[in-house]
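Before anything else, here is the set of structures, which you'll find just below.
Each of the two complexes below includes subunit A, the first together with subunit B, the second together with subunit C.
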Partner chain A sequence: MNKTLLSLIVYVATLGVFHNVLFPIFTPKEIGMVMNRYVYYLIMVLTVIFLHLIMKLKPTMAFRGLMVWTLGFYFYKFILFPPVPWTLFITYMMLWSIGTFLYISQDPITFREFREPIVKTIVGEYKFAQILVFTLMPFLVGFGTYKALYPTFEEPVELRTVHPAPPATTKVHGKTYALEGLQNPFRIAEQDDYQDSFPFLDADKSEYMRHITDGGSLFFQNCHYCHGDQLNGLGMFSHVFNPTPANFVDPGTIAMLRESFLFWRVSKGGPGLPNESTPWSSAMPPWEEHLKTDEIWKIILFEYWYTGWHPRTFDGESSITLKE
Partner chain B sequence: MNKVPQFFKDPNTEVKDMFGKTISKKYGAITVAFLLAFAVYLLPGAVTDAFAKEAFAEQVFAEEAFAKEVMAEEAVEGEGEPKIEWGQDVFYKDWEGNPLKGPISGAPAPELGENDYNHYEFAPSRIIIWVANQQHLYFGSFVLAVPIFCMLIEFVGIRSRESDPVMADKYDKLAHDLMKVSLTAYSWTAILGGILLFTFITLFPGFFKYMATIFRPVMHVYALMFLAESGVLYVYYYGWDKMNNDPFLKWVHCSLSVLLNLIGTVLMYLANSWATFMQAPGGIDEKGQFLGNIWHVIHSTLWNPVGVHRILGNIVFGGGIVGAYAAYHYLTARNAEERAHYDWVCYVAMFICIFGLIPLPFAGYWLMKEVYAFRQQMGITLMGGIMAWLFIIQAVMIGLLFFAANSYLHNGMARVKGSHRYMKYCKYMILLLIVCFTMWMTPHTIVMTPAELKVMGGAQHPVVGHFGVMSAKNTAVNLMITCTALCFVLYQRANKKINVPWATIGNCWIAAIFVGAALNIIYLGVYGYFLPANQRVGLSVPQVSSTLTALFAGVAINISMFKDSESYGDIEWGTQSKVGTYAIFLLAISFTWLMGLMGYIRSAVRLFWHVTEVLRDNSVDAYTLTIGEAGKMLSFNTLFVWTQFVIVFWVASLTAKKATAEKAPDGVPVPAQQQQ
Partner chain C sequence: MFHNFNYKKPLAALLAFTVSLGMSVSVYAATPDIVKKDVLELGKKTYFRRCVWCHGVEGGGDGPSADRLFTRPRNFNQGTFKIRTTDSGHLPMEEDLIKTVTNGLPGSAMPAWGEVLKKEEIVAVVNFVKTLVQDRSFDDVEDEIVEVQDFGSNPWGTKGPYHLGIPQEAIDQGKEIFIKNKCFECHGGEGRGDGNPTMKDDWGFPIVAADWQQCWNFRGSRRNAYDPFNVVRTINTGLNGTPMPNFKDQINQEDRWKIAAFVNSLCPRKNIDPLANKPVSDFLISSEFTAGPVAKTIDDPMWTVPDSDTKITGWQDDEAYKEEWGAVNRPRKNYVAMAGQITRGKRNFDPKVDNLWVTSRWSEEENAVYYLVEYHLRFLSNDPEWKEMVGIQWPAKLQDLFGAEKPYFIYGDSKKPVHVWRADFLPVNYKPTNAPNPEGYKLDVKVTELNAHGFEDVKVRENPVVEVVDSIYKQGRVKILFRRALTTENADKLEVQIPAQKFIPISFMQWSGRDHEKDEHMAISTWFYTILKPQIPNSIYVNAVIMGCVFAGFQGWLMWMTRRTRKMYDDGVVLRDRLPDQPS
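Up next is the complex of A and B:
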């Protein structure tokens, strides 16, 4: 039997069995270290390789290329969870396709092997394949055109800048602050020294924990409805907003920013955003209208302490202001 | 008179080096010396900042003391004497951290109005100046890069005259041919520079007047340096044949190329100072008044990183153009001899190109670090704000460059006898490259519909969201570079049977260095997630060190192992695959586009300022283009410059045809792997 055909049967059968039988088993509600979709994928790929090795199958380069490409497609389409947005999916598949091309074109022999069935189909050596391809192609082009022209009513994508450049200065409660070099006045000690302390319980033990406690109280009074009691952006109202509230636990939010940026962002809220950040899309109120300057700083202090992140600083600059 | 030491002639000591010629084993040391010299060259990039700041502290201290002295004198002298007005520098600080004071020596920056800008009907002035600037820069970059190649190639040619005269002639001819093209391109660059100057004067007279006032002496020095560059260039080119036969004169000739490069570098640095001043000014007060120290104006904070970045970029760009030129001739060659010659030229060009490409991201990283340090606002606008999408495009282009380079190496390796031992690793290297590249270009902010956002459960993806930050990016790019370096090591040894007694130990060392570097890079990348941002930035230094150590140590050990090696067979020049050759075109075009893109980003980050925070752009064109419009302009610039390159190469080939008709070169070059 043709080894490529055998390889095709083995590959499709393995994929079918894995996807329909093992995939549901490996995706339970409680995800474990072993019972998860990524381990499942790894086992599946290893099984395909293993079967090819023990059956001594060596399919043609064209089919190997196809296998590699479809395994990538399968990963990004079904394994990676939650599903990535369409733009990212296209990007990933484009990269994977480039990788597949590099694989098949790594030397002239493999590339010739890859081209062989294509050339043979075009010149008519594979008669059946030629008829099939040249019959289906106009239909595929027609279908593609139909899909492209058919009007859809999906919301357009937005190129929203999540962290826009802050202004040089900001005016809060009548006072103008230069954001460059502005520091949190309540950051009077290293937050790492208080990792084992707890706001409210240890509030009386040190001045620093008292500020954290104040910040925490204010956070739970004002912010947690949207930003969540775990500061992960999943507050009780978060699901009705688009975009969803910021997740402070994520390494890409407050961990990347200076405290002065947060001060500006919290004070001015959504309406204070520049156009590139679509101020009309943000539901955050300008907190300067509801909180005092000190209260804003204390909330920021609490957010960093709670998440364990440190505010961004630059060379030779300390995040501590009043170190004695 | 033969000045070559005896040991260079000993036939028993012959081995080959990475340039692909049979040479004495001592020449292997030259390659290592090149690598070390390059490492030393890069070192200032890593530590200059520290040195500069310290040196600067002393300088500032002296200036401050002088300023106080003058003020004290003024106070004593009292009224009646002309008062010196003092201004505070917008960037420089004294040793106590206060703004540096300097005597106001110029007029304030003007508030530009409608009359300070002129227009044509057919296009906005800002677009015209962009095209003029970009075209001049492309050509400037090329003419600065070619002398660097010629210097290296001529030097290698001279050094191999004794051991391999055929090869030496080949090198010499190649360097000469390149200079011929460069000479035409040089005049072209000057014409484009003139067009740029006139565009500035006619369309932006107000702005140019201010710049000319500040940079008056620099502009004159620049013009004089241009004169010196032309003089040396003409002597270098037209004296080629005359100085070719006498060994002493040949060395003098080669030294002229060093001088040419030195003057060229000074020229570029002087011109850079105008651009870096506009982006991050220094030496003036907040009204834009010059504070009397021209060095401060030139040596603003971005001057050094931009300079280093541009030198490396020029090398890659020049390599890409020469490579594409050779690739075109390779594909259209009519006989085996021509094909062999141009295949070899492709190899030399790609070697130089990849050599520049590997450290280029580090220089870029240094530049961005300095931009962030200058103004957080500017850094965020670039990396997280309005320009962030252009950076994603940049990531794609950089990935393409690495893919093209690796594709060329894989295909080049495939034709070498004995390479079957290493070809099986290629697929794993490709997998690593793709995985790293996927991390490298996963954006922090994903473009998505609101429905997709809800499905994802938040703005950040719980898995790939981790790739959106700097820790992942640094790890990815370092691994990509390490992987490319490993590919190069395998390419070098593809046809060699290693015979040194310590072969196993050497192989273990190479493996340990690369695996150790990769593990260290990954460990530091993961560790970065647990550190504050300012400390995390510091991790990039050991990551880069790991990469460079793997590169330099790996290549050095590899070369030392070639002693007494046996060859599985020669490279047959002229047998490079078409895919590998097209990869060169991909690299050249991508790099041209990328160069335009990054230049645009660097310049456009000033937004509505001519000179950041000092001289506002009040023209009707002071808006930022949409990504699509910017992309169209970049593509136009790329197409336009390549059309000009084709013309320049054609003009240069007019004389070459006559010379070729006279006599075809003897023999083909001896390949790298054709040793013993």
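Up next is the complex of A and C:
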């Protein structure tokens, strides 16, 4: 049997089995030292080489070149994680193609060997291949042109600044606050001491838990529609809005912000945002229209207690050192 | 609606036999799962952190949020739970409650806790909730019996997420069972829940029947909206505390699956967002180019596009349409998610409409654009003081917007005004208590155009030019077909001028007159985009042929060149490159 044909069968079968059977096994939810996609790829390549060695297959150079090239394609397309954007993918494949060409043209023999089937196809020594390729290619080119010219429309991508720089001062309910150094007046105790306390039940015993109960009640009357019962930004109206509501459980939101920033964002809402943050589509109300100043602070206090995050604080000492 | 799949007859017979075997095993009676005392402490902690805000300190469904929710949070005190595997009126199994907490109750404010709480926390909180039941007791093994129902299994073996491929025959039979058992009395003629406006739950709060055409809002959908099992379970067990009884005596098990197939077939197949458990909004509303004039009647094939995503169902144009229109694309029916306007002024916490479906076409010949806006609304107003309304919002000064800039999505702002096309309407000869009317109701429509610089500065335009060319309210669904010229006189520069092939911000507003919604007290969408798609130019076919021919010519040249080189080698005109091991 033709060694190249046999090699092709072995190669396609190996890749098919690996991709459909072993790939899901090697990419579990929890990635381990062995059970990961790179180990999987290594084993796959070694298997292809091993099978060729024991079966004493020596396919033609053109097919070997094709194998090398497709293994690279497979790596960049399926293995490399996280997936790269297509522009980068094209760049990588160009480099890989150059590498494959270097492999092919390492010496004149391999290069001639590589060219041989191509030349034979072109001049018509491989009659069937010639007819197939020469009739199919113009159609493919025509179809590709049609596809490329056919107008398709995707919604425009809009980028926005999620946490814009806050202003120096903000005026809420007629009073001007300097955000620098502004503290939550209800943060009267260390919240970690109250993680096991009960809202409502402990509200009479502890002033702090009374604030948490108030803040939580206000949150669940006003905020949960968007920010969610779990404070994860998945409230019952959240899917309607674009940008989607903030997820407070995520380390990228309230965990990396100061309470004074939250106070400004909550008070002024979407309309108070700068243009870079697309104020026109933010559904966040300017809460000063609906809530009292104290209520806003209590809700902020509750959000930190519930999620367990600590607000970023103003570190007095280091700022003094810097000034000197 | 579906492709009939070719299942083998003997297999079906075998399945039917298995199902009948299942029926003979049927129901088994047991005692309720008693409260696990050792987990109550953890349960209490979890409850008071996570649940108390809606369900209240004593589980009375009266937490701080309760009055602003529709449907209200569950009152646990009576031991009344909707989604169960047990008989009507019985207490639920612990597993039922665990599934409810894990998957949440879609369509309500109850979220899925499966990804937030640990399994033992869910078990603990469920056991704590059992202790909040005051009127009966899970520990009362003497008097409380639970009869766990047998539901059989899906006779067609269809698979999620979309459960396509149920034979049309079963669906048609299901429809007959639906009619025979008068399900339409509450659920409406086409299952949009528009049957009975007077229903109350056990606590006297108003309640409405499920809308079968929005199955992602089924409380018991267990995050698997298209599974017919959800329907079978509800037919079998009823929903405690609501007017929904069980139908297990009236409908045998084989027929329950058939009626489930029917109910299931009504629900449009859309890509469901796994986090929100709702269809993903189609953020680009393409207006399809139409050669010649656009049909001005909603029933015209130009407008009868299915709700389902055609990529999922594989729906094809029928022959009649193809003959008339050839390969002209149908416009997509776009899903537009809506929420209560809870941002400014008088807020709307319980909107009655949570989505619209929008289809659009435009005609160069007419120089006009059409938007067909459809939505489900169970009951309409017939009070002239409180009209039903739906509107399309545009930036009034599109040409002044730079980049992604838009007016504020609620009625614009002082610098960037909006232009709203609003249809104000009342159904003719309609009463909410009427029996289902397959003819539907004509609408008495008046178009109002608004300009707004913010929700406190809304002005009605005189002499509106937007038209509603057709409209109807049929079986719980409103359809309004808007038409406007692409360009207008625009004397005051506050009318939107619609260019072709440009992305234009568009958003939607809806007011339920029956619910006394008006002004900013409404349902609203965020900004979407619309674009008038161009005609497909013939040049792209020509260019494709030209490119193909050019390539064929190139191939010929390559062949000629290669042959010539060979001949030159053979004739010795040119020397072949010498290989290392060959002697020179």
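Here, the second predicted complex is superposed on the first by the 163 of 324 C-alpha atoms of A that agree within 3 Å, B and C clash if a C-alpha of one lies under 4 Å from a C-alpha of the other, contacts with A are read in each partner's own complex, and residues count from 1 in each chain.
Definition applied: contacts are C-beta pairs under 8 Å (C-beta built on N, C-alpha and C of every residue); 3 or more make two chains touch, one makes a residue touch a chain.
Remember, it's a predicted structure, so these values are computed and weren't measured experimentally.
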* A:Pro156 contacts which: subunit B (first), subunit C (second), both, neither? -> both
* Asked: Of the partners subunit B and subunit C, which touch A:Pro166 in the superposed model: first, second, both, neither?
  -> first
* Partner chain(s) touched by A:Thr313 [first = subunit B, second = subunit C, both, neither] -> first
* To do: Have a look at where A:Val123 lands relative to subunit B and subunit C in the superposition and call it first, second, both or neither.
  => second
* To do: Considering only the touch criterion stated at the top, classify A:Arg258 as touching first (subunit B), second (subunit C), both, or neither.
  => first
* Asked: After superposition on the shared chain, which partner residues are touched by A:Ser105: those of subunit B (first), subunit C (second), both, or neither?
  -> first
* Asked: If you stack the two complexes on chain A, which partner ends up touching A:Gly270: first (subunit B), second (subunit C), both, or neither?
  -> second
* Asked: Which subunit A residues are contacted by subunit C in one complex and by subunit B in the other?
  -> 107-109, 154-156, 158, 234, 239, 242
* To do: Provide the residue numbers of subunit A that touch subunit B in the complex, in ascending order.
  => 80-88, 91-92, 95-96, 98-99, 102-103, 105-109, 111, 154-168, 179-180, 233-234, 239, 242-244, 246-247, 250-253, 255-256, 258, 261, 276, 309-315, 317, 319
* Asked: Which residues of subunit B touch subunit A in the complex?
  -> 372-373, 375-378, 380-381, 384-386, 388-389, 399, 403, 406-407, 410-411, 413-415, 423, 426-427, 430-431, 433-434, 437-438, 441-466, 468-469, 471, 529, 531-535, 577-579, 613, 627
* Structure fact -> The subunit C residues in contact with subunit A across the complex are 44-45, 48-50, 52-54, 57, 63-65, 68, 108-111, 113, 116, 273, 275-276, 278, 280-281, 283-284, 286, 337-340, 342-344, 347, 349, 404-409, 413, 416, 503, 525-527, 529, 531, 533-534, 536, 539-541, 543-545, 547-549, 551-552, 555, 558-559, 562-563, 566, 577, 579-581
* Structure fact -> Within their complex, subunit A touches subunit C through residues 107-109, 112, 119, 122-124, 134, 137-139, 141-146, 149-151, 153-156, 158, 196, 198-201, 216-222, 224-226, 228-230, 232, 234-242, 269-271, 275, 278-281, 283-286, 289-290, 306
